[in-house]
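So that you can tell them apart, the chains are marked A, B, C and D in the order they are listed, and the count of residues begins at 1 in each.
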Amino acid sequence: MPDLATFLPRLDAGMREDPSWGEVASYIPELARIDPEQFAIAVASADGALYQAGDADVPFSVQSVTKVFTLAIALGRSGDQLWTRVGREPSGRAFNSIVQLEQEEGRPRNPFINAGAIVTTDEVLAGRPPSVALAEIVQFVRAAAEDDEIHINDAVAASETAYGHRNFALAHFLAAYDNLRNPPEMTLGTYFHHCALEMTTAQLALAGRFLVDAPGLPRLVSRSRIRRLNALMLTCGHYDGSGDFAYRVGLPGKSGVGGGILAIVPGRASIAVWSPGLNQYGNSLKGTEALARLARAMDWSIF
Amino acid sequence: MPDLATFLPRLDAGMREDPSWGEVASYIPELARIDPEQFAIAVASADGALYQAGDADVPFSVQSVTKVFTLAIALGRSGDQLWTRVGREPSGRAFNSIVQLEQEEGRPRNPFINAGAIVTTDEVLAGRPPSVALAEIVQFVRAAAEDDEIHINDAVAASETAYGHRNFALAHFLAAYDNLRNPPEMTLGTYFHHCALEMTTAQLALAGRFLVDAPGLPRLVSRSRIRRLNALMLTCGHYDGSGDFAYRVGLPGKSGVGGGILAIVPGRASIAVWSPGLNQYGNSLKGTEALARLARAMDWSIF
Amino acid sequence: MPDLATFLPRLDAGMREDPSWGEVASYIPELARIDPEQFAIAVASADGALYQAGDADVPFSVQSVTKVFTLAIALGRSGDQLWTRVGREPSGRAFNSIVQLEQEEGRPRNPFINAGAIVTTDEVLAGRPPSVALAEIVQFVRAAAEDDEIHINDAVAASETAYGHRNFALAHFLAAYDNLRNPPEMTLGTYFHHCALEMTTAQLALAGRFLVDAPGLPRLVSRSRIRRLNALMLTCGHYDGSGDFAYRVGLPGKSGVGGGILAIVPGRASIAVWSPGLNQYGNSLKGTEALARLARAMDWSIF
Amino acid sequence: MPDLATFLPRLDAGMREDPSWGEVASYIPELARIDPEQFAIAVASADGALYQAGDADVPFSVQSVTKVFTLAIALGRSGDQLWTRVGREPSGRAFNSIVQLEQEEGRPRNPFINAGAIVTTDEVLAGRPPSVALAEIVQFVRAAAEDDEIHINDAVAASETAYGHRNFALAHFLAAYDNLRNPPEMTLGTYFHHCALEMTTAQLALAGRFLVDAPGLPRLVSRSRIRRLNALMLTCGHYDGSGDFAYRVGLPGKSGVGGGILAIVPGRASIAVWSPGLNQYGNSLKGTEALARLARAMDWSIF
């Protein structure tokens, strides 16, 4: 098994060889103008060390990766009652599909597709002002990363709001099925803001340590909940590319449209990768490939 | 961590306490007349031991559990080329749905839904007489279990054929999309027969050892293929209840409508459970619960 | 063929015999509290006469029946260009389904399902203030009916807005596909208001005369457009019950969830019926039956 | 209004001007090799005259146009009970879609999509040998056309069988839902044979007269049934292009993949057109256009 301190720079160099970087997300200007030719990887290991390579200190928009943190908070607030409002099954659909929502009468398939994350955000909001709920979310992420510099990019949040017609449609649809407890605008405002969290790849790897379950790492949720969050990440964390990710990488992971992916090696490490170009499923093209190479080299597949 | 020799009988006793046994599959008489109030568990551990409790010596129809063995053989014959004909994503649908097949133009979502298993059977058949392909499948299972007594129940196969209109529809639909290389009747005949394999719970646990990846156990496929088979079992092995199984049990597994489930603890053990009553997803009700309890007690979740 | 002056009262009496009145729409309080045991019929014949029976002078909310008037205005403003934004095919779905909208990438199947009517409203709005567009719609209806008393019920419009999450979802979804030219709230405000038009059954029969194509009746659109509007009413006017209505009644018609139906006998008559109780498709139960009886008695089927 | 004897040749000449003839159906060799550059029109008027132009004496495969005759026979045998097995609503889907069949649990949307026509064929078969049922169908068509030369093309029927995987899938799917009373192979054999009926355009116009409802024309079904058959043809006769056909032509009609269309002007005429090239919906491209021109010129729209 290779040494991480020497392997990561080699992996970084290898990833920059292939000239195909994928397409960056283009639905909001703030993401569309990101230079696709960037790559970063960081590994926070169970022994407390942090290894990193590439553009690991460049902040990026974590987007859907925050759905893991929001879900952890929602489960902490509501426990298994959350599952009356949202399912735990892979969707077999695009991340922002509304079809399944109608077929399943307003209960999203899982907390990681947009509709499901709007529901978990609504659960976290719980009638409080958005600023209070957002403070709780940011505080959770900061505690996980042990870094108080992490913050929300307001320009990105504003842009999401301006171009968020599909998410407005999802939220109103949930409301039509009585599966929204706060006004759609309020829940969506909170949702758009926590998706606009900005972190460096190194910060994200650190923030993911609460899912590793190892002594000495920040412990924010119980052991059994860690396992369940990891199980959900494995079956549903990459939208309609979740099966492919499990097959190729073999680790629980959650991707964001900003090009970041958080992956967990239970008991061993939290990994973050970032490269803004996306593959056909909307997940980071080079990020996925880098995780496959790292997992193979380190023999880290959970299977 | 408890000792298996004492824990399994306790688990068996515990499982018999709850009077809800679920409903047996009723689509063919051979399955409909099975007494639902049966339960068995067997664990083949990496050190070569076999532990068992309950009705572990009663033979039952393994049904879709054979899809794991057929997939292993198909991958051995065709390698990654198989994936041009079938996908690797959870289906988000019932096991025998034809809707997705039309939406995805004849390429089944994964090898564990019926349409996908018909394709892998077609790949194994490869123009040979069904008897030759079936002999290969049976031989693979016997080698895995190290037990030459394992055989196909012809009455069950005949009954599947007689009541198999939906599978005939799937096969003809695949043919309409040019995704069947042998005549539908021939591929289906082979499919119905390997689904009619009969094993005891103990035999099934032994047959699953080729997926454990431990020295001393029968090795029939490469290490990287083992990991990928386990990944597919985790994301797709329980139809539209796969997410729930991963969440509750945390192990790769494959269920059959006969009430059997094969689950793998990578590097540690192969587990078989059997109880003919099914839950809402068509997976063994008590079998799933028993696996959840065993995995928790032994701390065997892969997450 | 019977005489209308004597037939309509007999029909009215006959319709009151059957104690099954259907269920009134319950999604807004203004409709939910309507007494279902009401029935009215009115026929404006090509010779200028008006026949009526039952509660034909009770005003009711015409709801989706206004989609015919709005479509006529939109076609008058934009001509065939309208069809780039909305189709002309029966939907095979419920009136407020969002599934088809995703499958067809934001182009509603026809102008009579909600999504399609939101698009035609958006076309009529055309950047003008809602009050101006609404004035045009009301003016068109008044001219058709030759009755300046027809007006919009603001309480109903307000209630539609308050309970309109599904329509908000449709409008935002259209916007996400760039098929909305005005802000969703503005188009929807206009839509909710014209759906809240209130007429008596007699007024509605008179308003429908512009679709009869007979000398002496108000002529608001060209002859070829009349035929096309009637064709659309026949194939799409009763949501997923359009085929059944054509089969049983044999006349172009448009129903509203308030229990009104406008039906046209080309060259001969405009018919309005009203009874607030609905059948399984969301169309007036007794209204449909009364039209079937009237068309049969008068030999008015177009087939 | 123009005189038919002079108008039809002019129409024929006009139709041959446009060099776009559409694509012929290619799923069986017998249809794929037809020369697309053919056009014919024939009108059998209520007064007993027959007008024709173009290739009106060239026999062609009527294909789905026979579904009208089979439906008439099935209704004659079973009456309204047929509607327990098949619906009366436009499908909003392609003619051979299997998706809707699963969503509606084995009850086809209408008798003119393939699945629905297989059900009506099954109803006509009614346990009798296929040859007897086919003799009844052929006899009905011959009586309608008053022409005993009309026959089935066995080569086409054989080819349909050889390439009919999708129809086999539909039939087995119906059987899986207990909506087939005869063995799938037997019902399909009958279905493939009646679809292989061969007629000239002139013969088809004559055969359609039983739907005109005029004195002196062959009367094979009751007046109320004629109206209902015409209503079904209007709402469902052109698959997912039915709304467009109603909008453009304004007449009940039924198309076949061989390029033929039968259209009815109630009380006035039976029209047949034929041109093998198809439009995007699978209906004759020039045939549809010719009907639109004829209906406009003769003022024959029913709307």
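Points worth noting:
Operating definition for what follows: a residue touches a chain if its C-beta (ideal position, glycine included) is under 8 Å from a C-beta of that chain, and two chains touch if they have at least 3 such contacts.
Just so you know, these numbers come straight off a predicted model, no measurement behind them.
Shared contact partners of chain A and chain B are absent.
Set against the Cα centre of chain C, the chain with the most distant centre is B. Interface comparison, C-D versus B-D: the pair with the greater number of contacting C-beta pairs is C-D.
Rounded to whole angstrom units, the spacing between the C-alpha centres of chain A and chain D is 55.
Here the spacing of chain B and chain D, counted between their Cα centres, is 47 Å. Once the centre of each chain is set as its mean CA position, chain C and chain D turn out to be 32 Å apart. Taken residue by residue, chain A touches two or more other chains at no position, since every residue touches fewer. If you draw each protein chain as a dot and join the dots that touch, you get one closed loop, with every dot joined to exactly two others. In summary, the structure contains touching chain pairs A-B, A-C, B-D, C-D. Across the complex, chain A meets chain B through its residues 87-93, 100, 109-110, 224, 226-228, 230-232, 234-236, 240-244, 246-247, 250, 252, 266, 296, 301-303. In the complex of the two chains, the chain C residues touching chain A come out as 97-99, 101-103, 165-166, 168-173, 175-176, 184.
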